[in-house]
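Below you'll find a set of structures to go through.
In the two assemblies presented below, chain A is common to both, partnered first by chain B and then by chain C.
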Partner chain A sequence: MTTAPISSGAELAAKREPHEDYVHQHHWRNAADEAEAAKFGMWLFLATEVLLFSGFFCAYAWGRMTHYGTWREASHAYLDWKIGAVNTVVLLLSSFTIVMAIRELQLARKWRAFVYLGITNLCAIFFLVAKIALEYLPKLQDKKLPGANFWYYNPHGTHDHLFMSVYWISTATHGVHVLIGVLVISWAMYWTARGRYGPKNFMFVENTGLYWHIVDVIWIFLFPMLYLV
Partner chain B sequence: MAHDHDHQTENEGLMPNLEHDEHAHDDHGHHVHVTPFMPMLLVFVGLLCLTALTLWTAKAEYFYVSNSVNLTVALIIASFKGLLVAAFFMHLIYDKAINTVVVVASMFAVVLFITITMIDIGTQDMVDKTEKGEIAVGGSVQIQVDESGNRQVTRGVYSPFWSDNPGLSIVEQAKNDPENVKKYNKSHAHDDHSGDDHSGGDH
Partner chain C sequence: MGHHDRPYYASKETLWKTIWSWIYTVDHKKIGVMYLCAVLLMFFLGGVFAMALRAELWEPITNVTKQVQAEVQATDDAGRLVYENGAEVLVPVLNDDETPVLDADGEPKVEPKKNDAGQKVNAEGEPLGDPVMTPEVDADGNPVYEEVIEREGELFKGWTSESGTVNSNNVYNRLFSLHGTIMVFLFIIPAIPAALGNIFLPIMLGAKDVAFPKLNLGSWYIYIIGGLFAVYSLIAGGVETGWTFYTPYSTSTNWGSVTSMVLAAFILGFSSIFTGMNFIVTVHKLRVPGMGWFDMPLFIWALYATSIIQVLATPVVGITLLMLVFERTLGIGIFDPALGGDPVLYQHFFWFYSHPAVYIMILPGFGIVSELIAVHSHKRLFGYRAIAFSSIGIAAVSFLIWGHHMFTSESPSANVVFSALTFLVGLPTAIKVFNWTSSLYKASISWTTPMLYAAFFIFCFTIGGLTGPPLATLATDIHLHDTYFVVAHFHYVMMGGTVLAFLGGLHHWWPKFTGKMYNENWARLASILVFIGFNITFFTQFFLGTQGMPRRYATYVPEFELLHKISTFGSWVLAIAFLMHAVVFAFSLAGGRRAPRNPWGGLTLEWYADSPPVEHNFSHEPLLTHGPYDYDLVVPPGWDPADYPLPDPEAVARAHGH
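And now, the complex of A and B:
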């Protein structure tokens, strides 16, 4: 066999990536049905995620109504809105980059998709590091802990510990979701590099994106509620 | 070989074709909507602007109206941001409507939970008053009396518990009813006279 230029059929056939030969599972009529069903399943899961966090929003509404003044004062006293604002921008950026990663996969440009997923993952890790290093650890040292473990070193109100309970449970649950997101995006990065995802098969990355967006949306609500007003 | 050749031509045609009409096709004619770049970038910029707006309205002194008004403003901006993310980043406007149905259903549940929580907390201080008979949910009765003290007209008055002058309970209404006052005085006149020595001077 003669040495062919890179664009020849033989060369391309040798370089075929796994996603080019993707065939939908046999119990689906076609790939479109499979992709839509997977997406719908993801949306149902996201609905349960929204309901999970709605409990925390109810707790917030309760505290806001029963401890009207101290709720706001505790928020201003113990939380730094600048950290929250930076983390908000970082999460928005990561949402945008994961959208772009899916676009690049649809256009069969896997390394661009890989880089976008990498930026998303770096944003997620930045969020977690900022959260733990700048918020959680100082608060642990300061004994600004939820509920009965809260230490009134310099109290701003009589119900600050209730605010901190809502703060800890909602941001920690959100943080766990970010951590899971890091793992799932890492998985998506690995298989993107291996060529599993492309125009015919980007379902996994798309669902990862949906999950990541819901984590972002929840933070969009938590940020003003806890840090700002 | 023929099979390979088919794939080759498809591959060569794939990239420029995609760049041109932004739609990819798989072997079964499955139409894949390729995420457009510009709308997504605009949404991202819009989200950053709305974040700045939230910070501004929450932190600027001259924007402070009251605790609850500023919370409402912040939540409206956050809802708009969430709407943008859901519609564009999460592809809802490009997808089948059934996905939106799931979102709307879960949002309905969230609003329901929070509303019920708030109604419950907002009316908790009414519970004691209602149980003690100090107020009645739903209003009261207005009784008009003539010169001789007889009841002439009885009218329902809409004065719910959240009004300034909430309606009296059934017990309170009955006590104020002149017919009942007469009966009460008649039946208790003897008791009042003999039972209480200190009130003897009044009679």
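And now, the complex of A and C:
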């Protein structure tokens, strides 16, 4: 991936990419307004995401208050902090790579951006595979299931099933967000390869990055709450 | 370029293309009109349930104990039982050797003659029919009476439960639950922002569209999907949990289709969030050059405050309802006391959204009333900034007072805090009402339908608002909670407030977005009937509540009969008035006079656009030369007193120095 300078006019025309001709939508006065609005809208959406997860955090806080001992012991007994830690590192790395992808688009180096997006996506897929293969499936087999379906033969406390409820619904909802992230990043990769995004038009990728950060940040809170308590 | 001079709803070359131009549109006006049709349909549906439950209360389900004369089966002189086609035939009972069986007294034993099928037969050998009954008498020949409990007033006798037994109480429970769910989630929350707001927010800002037109269309489709879930739940047995879905009842009942109704509310929440996001960004980024924050019409301020609540509160109810679905499907137990959960936790989650949500419902109504009063009294609004900031103030306080819905289920110390905070809401709300009434002072008011609605709004909303403090006061709330007083209070705020403002706004902007005038006199008559019917229906409920009539009961003691009947009578007046409005609108669409650009003499930007507006709202970006309510400085643009729909436009014209 070299960025050799373009020498001739003919070469320029041949290499012209869609993002260079980007025109903002008709109802905007200029592209800057449009880009700012898109980013503003995304931040509002992130606020709704935080508030969505606030329900789980409140349920967690309630359980920690009313079933104090259980909350601590169930975490130690059923969750392996090492798997959580590896996944945390992987997500943090992916947040870095998606920022680099936006940086490369701003510098009009689409293939580098493509690779960074690819690494981000691999991290996301790794997270999901690790989550399902190392955590969800063994727990399913042991019947360490939420609430009324908790039939693990050797429970540690009287309210383990409630801890597992909070664990399952919060991590599963987070997992769905990771899955949506994979789809959106794949979409961004496809259109990056097709040349839609560049210095004039990178807001979709930037908003994808913002979304991906909030998914990361939520996990940063879930990890200590569930695994390190 | 056709879209510069044709109405936004102009037909395309073929019918199919016209339909496609609606279902695939990103034009905020078309989306707003589609929202309007949908919410009006839902208003009708919710209204039908309301009428049905009021009708049930006209003649409620009651157990009546009656003395009836007991009956026994008639016998003839020989002591044989009599049937409708003759008496039974007694034949001797025979032993195996054909000798008669004798009883203890040595007499031959007899039994009724039967055919091969085992049926008793008469002398002709025909099977006997129904027995003949005769009044029972005692040994002295006096008639014998017995007590029978009869259920009366079962209006919905034909409705059966899944197990096949008739249960009218459950029908009543479903009626008020469906009325509440549909009115709250499908009508009143989207009614003003998503319908009227969608059409007019961009025009009033001088913009071509909202910030995210595709998201806007997406929000409409999400609303429709949510609506389909709700209609499915309705057909598949309905819900009887009330619109609040309180646990543990909502998690334990197997009745109806609670899960799909909860999912409907969850999906509708996203539609609301997306509209809110869109409006916030539009207000920030798409105001016409020169329009500062304090040059915005107050309707926009109200929608802005509403949108903040929609964005910040709705996700919480989203996750709450999702947890309720998990509770029902996976049994997660967080709200289930049997598993160590806490049902009151659900109430906290639910009201953390649903209290702010009542301001989602009323704030846009405030905005509309500000517009109506300014335009139809042709006068600068008193206290513009105070009204604008009070909307934001209400939005801020709304997040701090959810606990007042749980005065009977939370700790006394929490009660004190929430009670005190609840009184705070009165401040910004009263600021609005005082400013509106001050604006009317020495104004040249034209009593158009919208202005009538603004006046009705102030009247009804003030009653609704002032009956709030007795409910916020702990001592009185213990007496009044869960009575009809609460029902009357929130209907005075929601219906006397939001619905009246919505109808006022609909009439105010009808000429603008349809391009047709409506018949002013008929509309005024209908609006007066709405006002009268509304007050008959709900003012009686204050009395019922203070006298102790509990809400959500299918029946009542005889003392309440008169007030209940008056209330039900009022609901009929309301129904007739709403039908009249519908007819007036239908006539307007079919053959109404072509609307002028500025029929009322308004100064906000939508009155600069054509009636109906072109596809991009304005042929050229409008130039802002005055504030939204500068009636003392500017003659309204394109306004001709001759256009005025009322018979006395001269007085209005004089107010403008014509």
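General remarks:
Everything that follows uses one rule, which is that the second predicted complex is superposed on the first by the 222 of 229 C-alpha atoms of A that agree within 3 Å, B and C clash if a C-alpha of one lies under 4 Å from a C-alpha of the other, contacts with A are read in each partner's own complex, and residues count from 1 in each chain.
As a convention for this text, contacts are C-beta pairs under 8 Å (C-beta built on N, C-alpha and C of every residue); 3 or more make two chains touch, one makes a residue touch a chain.
Note that the structure is a prediction, hence the values are computed from the model and not measured.
Following the overlay on chain A, a side-by-side fit with no clash is recorded for the pair chain B and chain C. When both complexes are overlaid on chain A, the residue A:Thr88 reaches chain B alone and has no touch with chain C.
A simple residue count on chain A separates chain B from chain C, and the partner touching more is B. Residue contacts after overlaying the shared chain place A:Trp111 against neither chain B nor chain C.
Within the superposed three-chain model, A:Trp62 lies in touch with chain B and with chain C [touch as defined at top]. In the superposition on chain A, A:Ser165 contacts chain C only, with no contact to chain B.
The three-chain arrangement built by superposing both structures on chain A places chain B and chain C 60° apart around the Cα centre of chain A, to the nearest 10.
After overlaying the two complexes on the shared chain, residue contacts for A:Tyr190 are found with neither chain B nor chain C. Contact with chain B, but none with chain C, is seen for A:Val217 once the two complexes are overlaid on the shared chain.
In the superposed model, A:Ala148 makes contact with chain C only, not with chain B.
Of the two partner chains placed around the shared chain by superposition, chain C is the only one that A:His27 touches, whereas chain B remains out of contact. In the superposition on chain A, contact of A:Leu51 is made with both chain B and chain C.
For the overlaid pair of complexes, the smallest distance between C-alpha atoms of chain B and those of chain C rounds to 5 Å. Residues 36, 40, 44, 47, 51, 54-55, 58, 62, 66 of chain A lie at the contact with chain B in one complex and at the contact with chain C in the other. The touching residues of chain C, counted against chain A in their complex, run 207-209, 211-213, 215, 273, 276-278, 280-281, 284-286, 311-316, 318-320, 322-323, 326-327, 330-334, 336, 339-342, 345, 348-349, 616. Put simply, chain B touches chain A in their complex at residues 4-5, 7-8, 11-12, 14-15, 18-19, 24, 26-28, 30-32, 34-37, 40-41, 43-44, 47-48, 51, 54-55, 58-59, 67, 70-71, 73-75, 77-78, 81-82, 85-86, 89-91, 95-96, 98-99, 102-103, 105-107, 109-110, 113-114, 117-118, 121-122.
Contact residues on chain A toward chain C in their complex (touch as defined above): 25-28, 33, 36-37, 40-41, 44-45, 47-49, 51-56, 58-59, 62-63, 66-67, 145-149, 158-159, 161-162, 165-166, 168-169, 173.
Residues of chain A that touch chain B in their complex: 7-10, 12-13, 16, 20, 30-32, 36, 39-40, 43-44, 46-47, 50-51, 54-55, 57-58, 61-62, 64-66, 68-69, 72, 81, 85, 88-89, 92-93, 95-96, 99-100, 102-103, 106-108, 199-200, 206, 209-210, 213-214, 216-217, 220-221, 223-225, 228-229.
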